[in-house]
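In this document, chain identifiers A, B, C and D correspond to the written order of the chains, with residue numbering beginning at 1 in each.
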Amino acid sequence: GCGGDSGNDDGKITMGFAQVGAESGWRTANTKDIQEAAKAAGIELKFSDAQQKQENQIKAIRSYIAQKVDIIAFSPVVESGWDQVLKEAKDAEIPVILTDRAVDSQDTSLYETFIGSDFVLEGKKAGEWLVADAKAAPGPVNVIQLEGNTGSAPANDRKAGFAEAIKADPKIKIVASQDAEFTRAKGKEVMEALFKAHPEANVLYAHNDDMGLGAIEAIEAAGKKPGVDIKIITVDAVKDGMTALADGKINFIVECSPLLGNQLMDLAKQVLDGKEVPKRVLTEETTFTQEQAKAALPDRKY
Amino acid sequence: MNRFSTLTRHRLFWPAAALVLLLCSNLFFSADFFAIRLQDGHLYGSLIDILRGSTPLVLVALGMTLVIATAGIDLSVGSVIAIVGAVACLRISNLPDQNSVGGVLAAVGVALGVALVLGLWNGILVAVVGIQPIIATLILLVGGRGIAQLITDGQIINVRSDPYRTIGAGYWLTIPVAVIIAAVVVAATVLFTRRTALGLLIESVGSSPTASRLAGIQARRLTLIVYVFAAFCAGVAGLIISSNISSADGNNAGNLIELDAILAVVIGGTALTGGRFSIAGSVLGAVLIQALNVTIYTTGIPNNVTLLFKAVVVVVLCLAQSPAFRAKVFRGRRRKSVEVAA
Amino acid sequence: MTSVTTEPRIDRPKVARARRYGVNSRYVPVLATLVLLCLMYGIGVANYEGFSDTQIVLNIFIDNAHLLTVAIGMTFVILSGGIDLSVGAVLALGTVIAAALLRAGWSPLLVIVVVLAVGALIGLAQGAIIHFFDIQPFIATLAGMFTARGLAHLISTKSIPITDEFWKTTATDRIHFGGFRLSPSAMLAIGIAIVAALALAYTRFGRNTYAVGGNQQSAALMGLPVGRTRIGVYTLSGLCAALGGILYSFETPTGYSLTAQGMELDAIAAVVIGGTLLSGGSGFLVGTVLGVLVLGLIQTIITFQGTLSSWWTKIVIGGLLFAFILLQRIVTRREP
Amino acid sequence: MGERAPILEMLGVGKVFPGVVALADVDFRLFPGEVHALMGENGAGKSTLIKVLTGVYDIDAGSIRLSDEDVRFTGPLQAQRAGISTVYQEVNLCPNLSVAENVFIGREPRTLGMIGWRQMRRRSAELLRGLDLDLDVTALLGSYSIAIQQMVAIARAVDISAKVLILDEPTSSLDASEVDQLFRVMRRLKSEGLAIVFVSHFLDQVYEIADRMTVLRNGRRVGEYTVADLPQSQLVSAMIGKDLAVLEELEEQEKPSVAALEQGKPVIAATDVARTGAIEPFSLTIHQGEVVGLAGLLGSGRTELARLLFGADKADQGSFTVAGEPVTMRGPRTAMDHGVAFCSENRRTEGVVGELTVRENIILALQAARGWSRPIPRSRQDELVEKYIAALDIRPANPDSQVRNLSGGNQQKVLLARWLITEPKLLIVDEPTRGIDVGAKAEIQKLLAQLSGDGMAVLFISAELEEVLRLSHKIAVLRDRRLVEQLDNTDEVDVDRILATIASGTTTGAGE
């Protein structure tokens, strides 16, 4: 670590934040929260949008280094390929905090800490709920899975975590699993087709709320009751998802909160104050059942 | 035999054959794939899904067909879709009563008006300023997405409006409204281009701009009309997409649809170099692409193989359509038939 | 009917002089791009502190070495009257193959050879399909794009880190001259640009590319090897894209199947901004280099601006692009 | 000469296009050191024979022997390698490359694989000077007129060291002295033992240069003759199967005097119109029913003058009045709205739209004038199209065939028909008889004469001075992009007189 004396003379902390892009509502909420938290914490935020391109993010980080910001935070587009630029930051004695997504660097001294969710764990939580829920089920449990963009880290991990958890019960089987690109429109379209091809399905697991919400429309159009005929598990817990959960259309949501701004700012201050911070900070996240959702919904910001 | 060979030589034979083949292949995975029943007072079945699901692409491909016929291209359709959806949903969500038909119609009108303006922008850049179409529309592809996000503030705007929902998810006389809308727009376009001289003049401008100018055709005005029309079609598609899910997703709506639309147009037999165009072909191409998507879902092709599968289908289809390929592969047979004739 | 051909010789006036637009009309678009680029740079310098550093320009080369390489291949394809949508996917495939093979312990040299060969092969296949079976380039290369990206997915849907020493040193290496630095990748890309420019101007392949782009039918009737040229440009483009993949993996040492989405549009934009006509047969490689610089400069301005929100980033990029193209059009404008 | 072995022999050649038998059982022999004319009407199959020979088209039946070896070329490249150098009908060069490159591309002088540009420029300039052309060889080919492009194509073909040289209508847009130059070169090559195939619709030229000819009719060979044995009249009947009397009729016709015509209403009057780099200021008035011929050498500015009148190019200065009203020419549409029609000399890029059908091409200008919202009813289309297909004898007489697939001469007829149906007040025709066979040429001239008799004004441009003389009431002579003189076409005026005017000219700008 290094002292808070580096950088601007006015004593105000400057943070460079390199965001992935604005590919989803989740992401923009994340951006907004960080911006607001920075303002509240009196930290000057330099923000850049990489438009989903790793090279742009690297560029942005380099420019932060050149501008001698006090601390850099970023959500990596990809897990790998960061060693070089992180080393540059380290050489410039600028601490780096990773948000939301991890990197796979061997050398963990390259960054101070990671704050974000564990996608595998999210998948696991979803799977565990299903395993518990399926205990009561008389027959086989056939799951349709709506995946996020092929190749993206949340899709990979939420799929893997879920698969691992449902191993516990041989009754549970994934009968179909297709890419629905994290969007509502695709969720609806894919679910329409999968539902007809697999009428035996009775559970839907969607990698995010939006796909689940789209799928609900498809299920309703098919004359079935979402949440009853088809149990639905999703990840994220955005407001729309929570509303559906409270309405009984979704059965279980694993939270993946974009609201890590305050935690990030606290961590930043700690790091700059030279305090020891844990290498990995998980965002304060929980899971919601329908009852919990009803309770939590009123003060849901996002 | 002879009749069969004239049939196979028809422009639309191969896309149609591919469509039938794709649909049939679904039967192995879902036995009642072709079943259509009445449910809750409307038609229900995979084929209906395909038709309804293809409407946005059909519309976009329709506009794209005319643009391509003038030897242009419109990359901005996806952004137009996003902006139109955003404008419509934003206005509706601000209505005191989201279910008021008048309010929804006004919102739809404003959104389509915005689409026309965007089309005019493209058209002016291409026809008046003289910028190469791919670059002229690239500007709106990039900037337009930003505008859509600006309108939605990067979030998804939800609406709860039954009249609006009808556009994309409703039914009229058991038939999906989206399909009716698309059919009407397609029919109107066919009438408009083929019953007036518009089609001929567009084809002329597309295949030889210099000769057309010297024949007195005012290419500039035509080009302008065509880009405005393409944006209009994209706008209607944008309404259908956002109404189908009762929300506007400025970040993702219509993303990359331009590629699918161009693909549909080309499969339908319109050359990217401009000139002759086939609206029926483009519609068929669009439905084919949607059928391909649905087939991928139904057959459960693993996600990491999906793209390869698409590539194979596209290549096989294009090869089957290519006279050069048939000539080269079936050369032996053709030679013989000539000898018989001689 | 009397024959005119035997009539007395007449004092013939010199014919057909000065029947041209102007001597160097061909260079006008490129010159315009250059002038506007300088103007844009000037605006950057005037507005942002630290922008005047020459290193900024060199950084554009460093950051866009892969784009430049890809755009060079694209230039050949567009000059020949075609288009190649597969480049971004081939680049991604290149990074994935490289990463996968390096992880498997292959020697770097061999890996590079394999990646280049795969790229060239994909290009070759596309070119062959386009030429022999008369498939429109847009579609053939769109299928190529699906194929390349699909293969990348097939190898790994997860990003694969590259830890190879050679890769690491090449990535971190900077070649110093004077007070300035360039990366080996950038040097390589610039070198390739020079070679490609010479090849376009001074080799038969280069001139045939122009001829085919001008009028393919005429070129065939003139007895030019149209097939070889067309297949050649796509092969070259595949090769350049694969090389772009290697350069990209130097800068961001990872192999990932989703990298470079939409890069084909960047490459096409760079070529077209550089004054090359999409209809083929007219343009220069220098233009492409300038086009890449324009895109890089826009990105740099965005970075320097530093506080743009996500959507304003896009809107500003669109706006800058618009301003640039519009000015370029006005400068090069001829007859109405 | 006939005793020697032929260098090229085609036996029983057949070629079928969908719906058209282009060639059936055609034999063709070519001997070294001869000029062999390939004769036939438009659409007889001349160009197809050449394309089949050089591998542009697959051959459907028959065989080709070159130097006693069976050959079958898969493309022009192979034919070229085997020693056949060809100038195809229509200019087939690359307009986006420089003149020098068009001459040399494919066989550029190279050192170490790098093209020697300087040498290439020097040699191409020399080569073109050999054809009496003084061009800037670094300029883009597309910036030169069709005639010049044709000469460049010839220069390219002539320079390829070959055994066989094929020239498909090389002279269709050349004027007398260019033809002269070409023939000089052809004679030289012939004496060097080259075998030359020559296609032309100018019978005089054929009789001047050819030794032997093969006549085709409807894709079949009528016969092979030595030129000396076949008088022109017999050749014509061999080609078209009937005698040709129309031309004589035309000569007989009484022409109204210019003075009488100038009493009539002026259709268009240009005053001091000019365009930099294209043409010096000129004034020209064309009256109702008057045929004004433009005479001048290649590149003298006839086409430019015509384009200005039509608004195809914008004038820098000067003014137009149409039917007494001042008019600003904003573009072709303005001109068309005032009843001016322009039939370009460059039919391939500025004329027909190859992808469209004959019907669509014919109605295109009329439709454009009406605007897209008022389509011409189908019955009216059929009526018009049928009428002109018959009147101009367009073959195949199928209104739905693609124009691209028509023979060159037939494309020209389609173009003419396009403008005739607009019933213009002034018809500007730039080389309308380019590539048209003798019979059709006579028909077209007759038609123009008749139309002018009915009150249409015509501006007639042709490289063939006799044609200009035969039709025109008034002849405007251009030299060096300047209108130097306007002559009334009285009996004293003949080809020599015009040539003399062109040669001496009253021009002052003899600077360079």
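One rule holds in what follows: contacts are C-beta pairs under 8 Å (C-beta built on N, C-alpha and C of every residue); 3 or more make two chains touch, one makes a residue touch a chain.
The structure displayed is predicted, hence computed values, not measured ones.
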{"item": "Far-end chain from subunit B, centres as C-alpha averages", "value": "D"}
{"item": "Separation of mean Cα positions, subunit C and subunit B [Å, integer]", "value": "30"}
{"item": "Centre distance in Å when subunit A and subunit D are each reduced to the mean of their C-alpha atoms", "value": "72"}
{"item": "Centre distance in Å when subunit C and subunit D are each reduced to the mean of their C-alpha atoms", "value": "41"}
{"item": "Length of the line joining the C-alpha centres of subunit A and subunit C, rounded to whole Å", "value": "36"}
{"item": "Residues within subunit A bordering two or more other chains", "value": "22, 28, 31, 150-151"}
{"item": "Touching two or more other chains - residue numbers and ranges from subunit B", "value": "149, 154, 303-304, 306"}
{"item": "Residue list for subunit D, restricted to those that touch at least two other chains", "value": "none"}
{"item": "Chains grouped in pairs wherever the two touch, ordered by label", "value": "A-B, A-C, B-C, B-D, C-D"}
{"item": "Residue numbers on subunit A that touch subunit C, as the complex places them", "value": "19, 21-22, 28, 31, 46-49, 51-52, 54-56, 58-60, 62-63, 66-67, 78-84, 87, 104-106, 149-153, 156"}
{"item": "Complex contact set, residues of subunit C against subunit A", "value": "50, 59, 63, 66, 153, 157-163, 168, 171-172, 248-249, 251-259, 261, 299, 302-304, 306-311, 313-314"}
{"item": "Footprint of subunit D on subunit C - complex, ascending", "value": "1-21, 26, 198, 201-204, 207-208, 210-211, 213-215, 217-225, 281-282, 335-336"}
{"item": "Interface residues, subunit D side, partner subunit B - complex", "value": "14, 16, 60-61, 310, 312, 331-333, 336, 342, 344, 349-356, 360, 364-365, 367-376, 418"}
{"item": "Subunit C-facing residues of subunit D, complex", "value": "56, 75-77, 79-81, 86, 88, 91-97, 101, 105-106, 108, 110, 113-115, 117, 132-136, 139-140, 143-145, 148, 156, 176-177, 179-180, 183, 203-205, 208, 277-278, 297-300, 313-314, 464-466, 479-480, 495-496, 499-500, 502-503, 510, 512"}
